[in-house]
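Letters A, B and C mark the chains in the order given here, with residues in each chain numbered from 1 onward.
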Amino acid sequence: MINVFTQHWQELLVGFGNTLLCSVIALFFSLIIGSTFAIFEVLPYKLLHIIGRIYIEVFRNIPLLVIGMFFYIVVPQFIVTLDGFTAGTIGLTLYTSSFIAETVRAGIQAVDDGQMEGARANGLTFMQAMWHIILPQAFRYVIPPLGNQFINLVKNSSVLAFVAGFDLMYQGDTIASTTFDTFNTYIVVGILYLIITLPLSYYMRYLEKKLA
Amino acid sequence: MSSLAEAYSWINLRYLLQGLLVTIEVSVISIILSFILGSILGIIRYIRFPFVSAIVGFIIDLIRNLPLLLLLFFTYFGLPQVGIKMDPLTAAIAAMTVFESAMIAEIVRSGIQAVDLGQMEGARSVGMTYWQGLRVIVLPQAMKKMIPPLVSQFISLIKDTSLATIIVLPELLYRAQIIYGQNTRYMVPMFIALAVMYFVVCYALSLVASGLERRTN
Amino acid sequence: MKKLKALLVLTGMLLLTLTLSACSAESTQQNALKRSQANNTLTWGVKADTRLFGLMDIKSGTIKGFDIDMGKEITKRVLGKKGHAKFVQVTSKTRIPLLKNGNIDAIIATMTITPDRAKVVDFSKVYFAAGQSLLVKKGSPIKDVRDLNKDGMTVLAVKGSTSAVNIQKYAPKAKVLELEDYAQAFTALKSGQGDAMTTDNGILFGIASENPSYHVVGGAFTNEPYGIAVDKQQTQLKNKIDQAIAEMRKDGTYEHLLQKWFGGIAGFDLKEASQQ
């Protein structure tokens, strides 16, 4: 096990960095996209509501691997060439944003209706009330579930291995299939994933308890 | 247009549908196994048996925080090195079950914890034993709370079976790749077919679940 | 049965993941020849995405190609006329684990004999002499492997294949992307994910024969002798396979099969491929 690490630490480190990088990028964009669609769902416009619903249901019910491969091999033939890292990160963003939209929507709906009415009565527009009053409170509710989404994101980023995205899984996989030392390689890769996800997971549990 | 008709020829569709059957088979077996195992583990973790619950809890946390793809690789490529050998179907079911059980255990534990502690005290005060209270009062209420997260976990499971394409399990995604690998003009039609088939199965499950939820309320 | 097996394995796995210690595998392999004789079945690992060698026929759900025909013929010679050949799909990455698992008795899947692999499996004598080459879109400026040895060049290869390792030697400046199998690598090439795809010439000719806007360039720059792999210690089975190949070469069956699959392929040298 130590051997795997001492002989291949450079490749593994590159993979570790890429996994972190794509997770952070995907988190950032899926937060923006997810919150936007969540707001669509609570706005009093039927059309936006429908668009939001379709977006969420589509990306929630199709495997991430299919979405990622679509961006890696189909999109480049018709629109623009994307390398594995970019294609995978886009797939990851769209997939995760649908889950984040659901989480944020639940958060917004958990904020008391009276708050909106009160804000409107004080002369704020709907959007102002949403931005200044509702969303800040909603985000308090959704921090623990969002943290869990980030953990899922890190785990799901392993599909980059399938589109040559040079993430941790891809690097581990190439090491394993050239050295044949599958058992130890995958354990080392597993430990590297746990370094990111396990502390995060315990921190989220702590936060959940504190906020409850 | 003709290439679209060719792509969706009965021969290709039949080949895909056979793959969908494999996908559903793996999903159903894994859902059943992981529901049983996950519930047991979740209860063990909730009850806090000294020592046992701590260890079970730690293992659950380890597994929950690893990518399923890694567990799948480990099961199929790694374990044979220590003498545990499986074919792709068994390996896929085993890896999915281990992973999903850990996820479900967490859902079950937090579901039980969300039921008011007062409920258990109430049950004890009317003369029920701890186990009776758990079985008759707490679990049925917890069950209701657990249905939505359980269903989304099962939907994830169905989607995750696509990862088994990497260990050459002839499921839906693998078969679509075989078809467009031979004739790359079929690529777009195959991706549409994939999206539609996965969507129909997963969305149907979520509809059934929300129907169920309405009836229990 | 499978459900039960999965359940049993679960308990073991949970413990194993914890202990994290790599004890080496004990060799509990049975004699593969005796087992296949008892079942009257020889189970082969073959490719299903490789035209000419092993390609899935979607209509019948069976795999067809040179490797399959070789496997069928060898089975008959090893087990007798009524011997049954069973084919299991593998990729370059999955074939060795599957053989080690005991899911298959032998690999006949465009597998190059290399010293590294010979440490984990035993190889038969050469049954096909391939060489690594390049596949590019017609009109591409790449004429041979030296053209790839530049910064900014990207080559597509398959995980677990010798070509993925070799190309780093021949074109160290090029970036190598490794995909799961040939189908994935070619679709990636078509999607512009790389400047060239590299693997053995026989496989590339198969792809080019079906996709006329692509062609094989630069000739073979390595020797890739294909062998049939069996697990270590399965010497009896290996000897039987060697004997069958030798017979086939002598009585013309081998020549006939080679002609059947590669006879019509422009630019393919039958003589070179049949070298021993």
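As a working rule, a residue touches a chain if its C-beta (ideal position, glycine included) is under 8 Å from a C-beta of that chain, and two chains touch if they have at least 3 such contacts.
Keep in mind the model is a prediction, meaning the values are calculated, not measured.
Visitor: With chains as vertices and touches as edges, which is it: line, ring, star, complete or other?
Guide: Graph shape, chains as nodes and touching pairs as edges: complete.
Visitor: Using each chain's Cα centroid, which is most distant from the centroid of chain A?
Guide: When every chain centre is compared against chain A, the largest gap points to C.
Visitor: A-B or A-C: which has the larger count of contacting C-beta pairs?
Guide: Of the two interfaces, A-B and A-C, more C-beta pairs touch across A-B.
Visitor: Mind having a look at which chain is the central one, using mean CA positions?
Guide: If we average C-alpha coordinates per chain, B lands closest to the whole-structure average.
Visitor: Rounded to a whole Å, what is the gap between the Cα centroids of chain B and chain C?
Guide: 33
Visitor: What whole-number Å value describes the gap between the mean CA coordinates of chain A and chain B?
Guide: Chain A and chain B have C-alpha centres separated by 19 Å.
Visitor: Mind checking the centre-to-centre distance between chain A and chain C? Centres are C-alpha means, answer in whole Å.
Guide: Taking the mean C-alpha position of each chain, the two centres sit 37 Å apart.
Visitor: If a residue has to touch 2 or more other chains to count, which residues of chain A qualify?
Guide: In chain A, residues 73-74, 77, 162, 173, 182-183, 187 touch at least two other chains, as defined above.
Visitor: Considering chain C alone, which of its residues make contact with at least two other chains?
Guide: Residues 22, 97, 180, 187, 190.
Visitor: Hey, what residues on chain B touch two or more of the other chains?
Guide: 62, 74, 77, 79-82, 166, 187
Visitor: In the complex formed with chain C, which residues of chain B make contact?
Guide: 11-12, 15, 18, 29, 33, 37, 59, 62-63, 74-77, 79-87, 89-90, 93-94, 97-98, 101, 166-168, 170, 177-184, 187
Visitor: Can you tell me which positions in chain B touch chain A when the two form their complex?
Guide: 61-62, 64-70, 73-74, 77-82, 155, 159-160, 162-163, 165-166, 173, 187-188, 191, 194-195, 198-199, 202-203, 206
Visitor: List the residues on chain C that touch chain B in their complex, please.
Guide: 2-3, 5-7, 9-10, 12-14, 16-18, 22-26, 28, 48-49, 51, 55-56, 58-59, 61, 89-91, 94, 97, 100-103, 180-184, 186-187, 190, 210-211
Visitor: Would you mind writing out the residues of chain C in touch with chain A in their complex?
Guide: 20, 22, 92-93, 96-97, 120, 159-160, 164-165, 177-180, 187-188, 190-193
Visitor: Which of the residues in chain A come into contact with chain B in the complex?
Guide: Touch list, chain A to chain B: 57-58, 60-66, 69-70, 73-74, 77, 151, 154-159, 161-162, 169, 172-173, 176, 181-183, 185-187, 189-190, 193-194, 197-198, 201-202.
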